[in-house]
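What follows is a group of structures, each given as structure tokens.
You will see two complexes here that share subunit A, one where it goes with subunit B and one where it goes with subunit C.
And then the complex of A and B:
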């Protein structure tokens, strides 16, 4: 079973490499350099802070691009092209297939964020005094956030078309960062029904602010180990639940040979 | 009336492609009893595949209109035989196969494969499947694709390369294993598709239109490969809308029309209805009168003799041999399966 999943994961990862997804790492480097060149003269004394801000934000943006472009299409493409039927005619369960695809894209995200992280650290080292170990924690939380969003896109891609899956996932990403505000807005409403409704929405949506420590670390805050642990449990648990749901939907799906 | 040439020899064919024994072998093949060559001792075994009362409808369009896929399909396949699903495009062959492979969930009915539930992924380790449209990852080479499927099948790493070599050899693709699939012709994709069905040394092969896209040589090679696999005791289910392919391969055929199974026959029964025509050399000045009692006509220097069923063919060939006549070729002019298929088709048309 593990070999089946790892075979599918590695194959998905290789496909993203072939599709030149890693060019985005080059673009990240370019954005970092450009931000240094353009913004440094305007921010005397805060060069490292600006670089950190831009670098951490760019990681999320490029990571989201990968999730939306690759993730929304990876299952759908195989269903439409018909490559999936030969795979599922082998001793491969549909849930295993989804898990393999999900892990394959995670492998891409880990590699990308790893490369971006190294590039980021190297550039920070060139701006003395701006490096903090908390940045590593922020990058790790960003990765967790992308893993969760990857599960969201896998779930949507089993139910709707690729463009819709991408749109819904982007919507979830935005709403996930606003979920606390949604709850607060609900609390301001008059009727208990409205309060309950907004509470339900709050609990259904992933709270992505849990993973957003980017602004905090730029301003010198540290990330507690307990926060990292809880965020890991929350992110992995939420992604796991979504995959179980995606598996249940995909299990019933008619595929044509 | 269709004419299928089963043997071409003498001046019309130029040279004997397989040496001097070709004519004898072809004639022996035609006149041999058509009983399936099943490995001994397999008849009493449990079916390799049992399909009972399978129904599947599809929903289409905004209003989710109900479209019939298949209705009440039941059949069973004896181990070690070739079982064919014959029908027009849209008759329900692929839907039946999709249900068997659990790609589509039937609305009703039961399927068991090699005595196991069809929806258990482990059952599929014992099946090789070639889809109707064999699309594979185009960025991979033939070898890489086979390695990918071998890993999914759990083939031990130490055994993998050897098995890939053997499968490539079986489909005559050794030379092209390193080439990317995007550079493959349709026939090469079909061959690599067949190779992947054999990777796991399956007991049951399910092949949806396996001859599609192949040139005549390729068709013949695949035919020989399938017959060889049957000799090894494999069970093969193939779907096709091409009657001659099925006649040459299958032991049993199920005819599907509009999602219903309308007939199941053994090819041995059907071959009794096959009719043959013998083409004889008839140079200028030679009369064909030595064939009194046979219906014949002269076309140039070829005398075409309607031989009738296989017994009469045997008698005619003996007669020609005694008379020293040169047999140019033997054609199949109508077959039992073709007749059955056309008859069922007419019935359906009339019923509409």
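And then the complex of A and C:
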């Protein structure tokens, strides 16, 4: 079973490489260079901070682009082309297929963030006083956030069309960064029922702020090991649940050859 | 080259000229003062919610806008009516953006001539960055230079000197301010602390000289009384 999943994952990864997804890493390098060379004269003493902010934010943006553009289309493309029937006619379960696709895209994200991380660190090493090993923690949390969003897009791509999956995933990303406000808003409601309702919504939505430690590390804070551990547990747990749900939905889908 | 291809190239050239020409005319119509004044800056609270996970990056973007806005003001293109809104936005998005508080306090004092506003900005910065020596130092510096309130300046410099990121500069200024305020005993103590804590040889020399000078003055005042005026005699 593991071999089947890993074969699917590797083939998904190769597919994204063929789609020239890694051009985005080049764009990231360009953004970093631009933030160093062009923006530096305008920063008035905040060059290191701004370079780091731009670099860490760009990783999320480019990662989201990959998840939305590739992830939303990943399953749908094979369903529409009919190639999925060929794959599933072999001893490959539908859940294994989804898991393979999910892991394949994660492999792409890991490679992309790894390359971006190296570029980012190199640029920071060139700007004196900007480098900190704590940034590795922030990059790791960014990866976790993208893995979770990847699970969201895989889930939606099993139920709706590719453009809708991308829109719903983007919506989840927005709501995920506002989930704390949703909870606070609920606390202001008059009746206990409303308060409970908002609390349920809070737990249903992913709290993506858990993975946002970019501001803290930029200002010299380190990320506690306990936070990294808990965020990992949360991210893996949430993504796992979504994959189980996606598997259940995908099991019931009628596929045409 | 066939006629059809030539035609396509000519059409592309015409379209390019139309595009550049129209944009150039539009650019000359929108003058800098109008474009700056027409800017709409949403409130800081709204920005915090709407920036999602990119609060610091949005703060940086607003910081660039602020610098351009201030640059346009310096050239006489606009006033600073959005100053408070912009600074509020930047510092709410990134409460630890020390440079923003620092620069804003200078603008508040130098361009608005408003010491209280300048002080408020710095105090807000200190509230969010209690361990930042630079912000404490800036308050002390304002009392020292602009208000000539040396005892209060010395207090702020001393607080700056106690911050984890303090350098010799804060302690040196604290000692000077105490001396300026006529508080020789405290000043002497501060110079001694600086002498023990600094690794800078020039700073050590300065501290030794100042300790000698103040000790001599204290001894003279004890010998001849506090009313003594005139050149300090050699002891």
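Everything that follows uses one rule, which is that the second predicted complex is superposed on the first by the 256 of 257 C-alpha atoms of A that agree within 3 Å, B and C clash if a C-alpha of one lies under 4 Å from a C-alpha of the other, contacts with A are read in each partner's own complex, and residues count from 1 in each chain.
We take it that contacts are C-beta pairs under 8 Å (C-beta built on N, C-alpha and C of every residue); 3 or more make two chains touch, one makes a residue touch a chain.
The model shown is predicted, which means the values in this text are computed figures rather than measured ones.
J.: Given the alignment on subunit A, is it a clash or a fit between subunit B and subunit C?
T.: fit
J.: To the nearest 10 degrees, give me the subunit B-subunit A-subunit C angle using C-alpha centres.
T.: Once the structures are overlaid on A, subunit A sees subunit B and subunit C at 160 degrees.
J.: In the superposed arrangement, which partner chain does A:219 touch: subunit B (first), subunit C (second), both, or neither?
T.: second
J.: A:4 contacts which: subunit B (first), subunit C (second), both, neither?
T.: first
J.: With the two structures laid over each other on chain A, which partner does A:126 touch: subunit B (first), subunit C (second), both, or neither?
T.: A:126 contacts neither subunit B nor subunit C.
J.: If you stack the two complexes on chain A, which partner ends up touching A:244: first (subunit B), second (subunit C), both, or neither?
T.: In the superposed model, A:244 contacts neither subunit B nor subunit C.
J.: Between subunit B (first) and subunit C (second), which, if any, makes contact with A:15: first, second, both or neither?
T.: In the superposed model, A:15 contacts subunit B only, not subunit C.
J.: May I ask you to decide whether A:229 touches subunit B, subunit C, both, or neither, giving the answer as first, second, both or neither?
T.: After superposition on chain A, A:229 lies in contact with neither partner.
J.: Quote the smallest CA-to-CA distance from subunit B to subunit C in the superposed model, rounded to whole Å.
T.: Distance of closest C-alpha approach: 30 Å.
J.: Quick check on the complex: what are the subunit B residues that touch subunit A?
T.: Interface residues on subunit B, with respect to subunit A: 58, 94, 97-98, 101-105, 121-125, 127, 129, 131-137, 139, 148-149, 151-154, 193, 196, 200, 206, 208.
J.: For the complex, which residues does subunit A have touching subunit C?
T.: Per the stated touch rule, the residues are 39, 42-46, 49-50, 53-54, 56-57, 60, 145, 173-174, 177-178, 181, 208-209, 211-212, 214-215, 218-219.
J.: Using the touch definition up top, name the residues of subunit C that touch subunit A in the complex.
T.: 49, 52-57, 59-60, 63-64, 67-68, 94, 96-97, 99-100, 102-103
J.: Residue numbers of subunit A touching subunit B in their complex, please.
T.: Listed in rising order, the residues of subunit A that touch subunit B are 3-4, 7-8, 11, 15, 18, 81-83, 85-93, 96, 252, 254-257.
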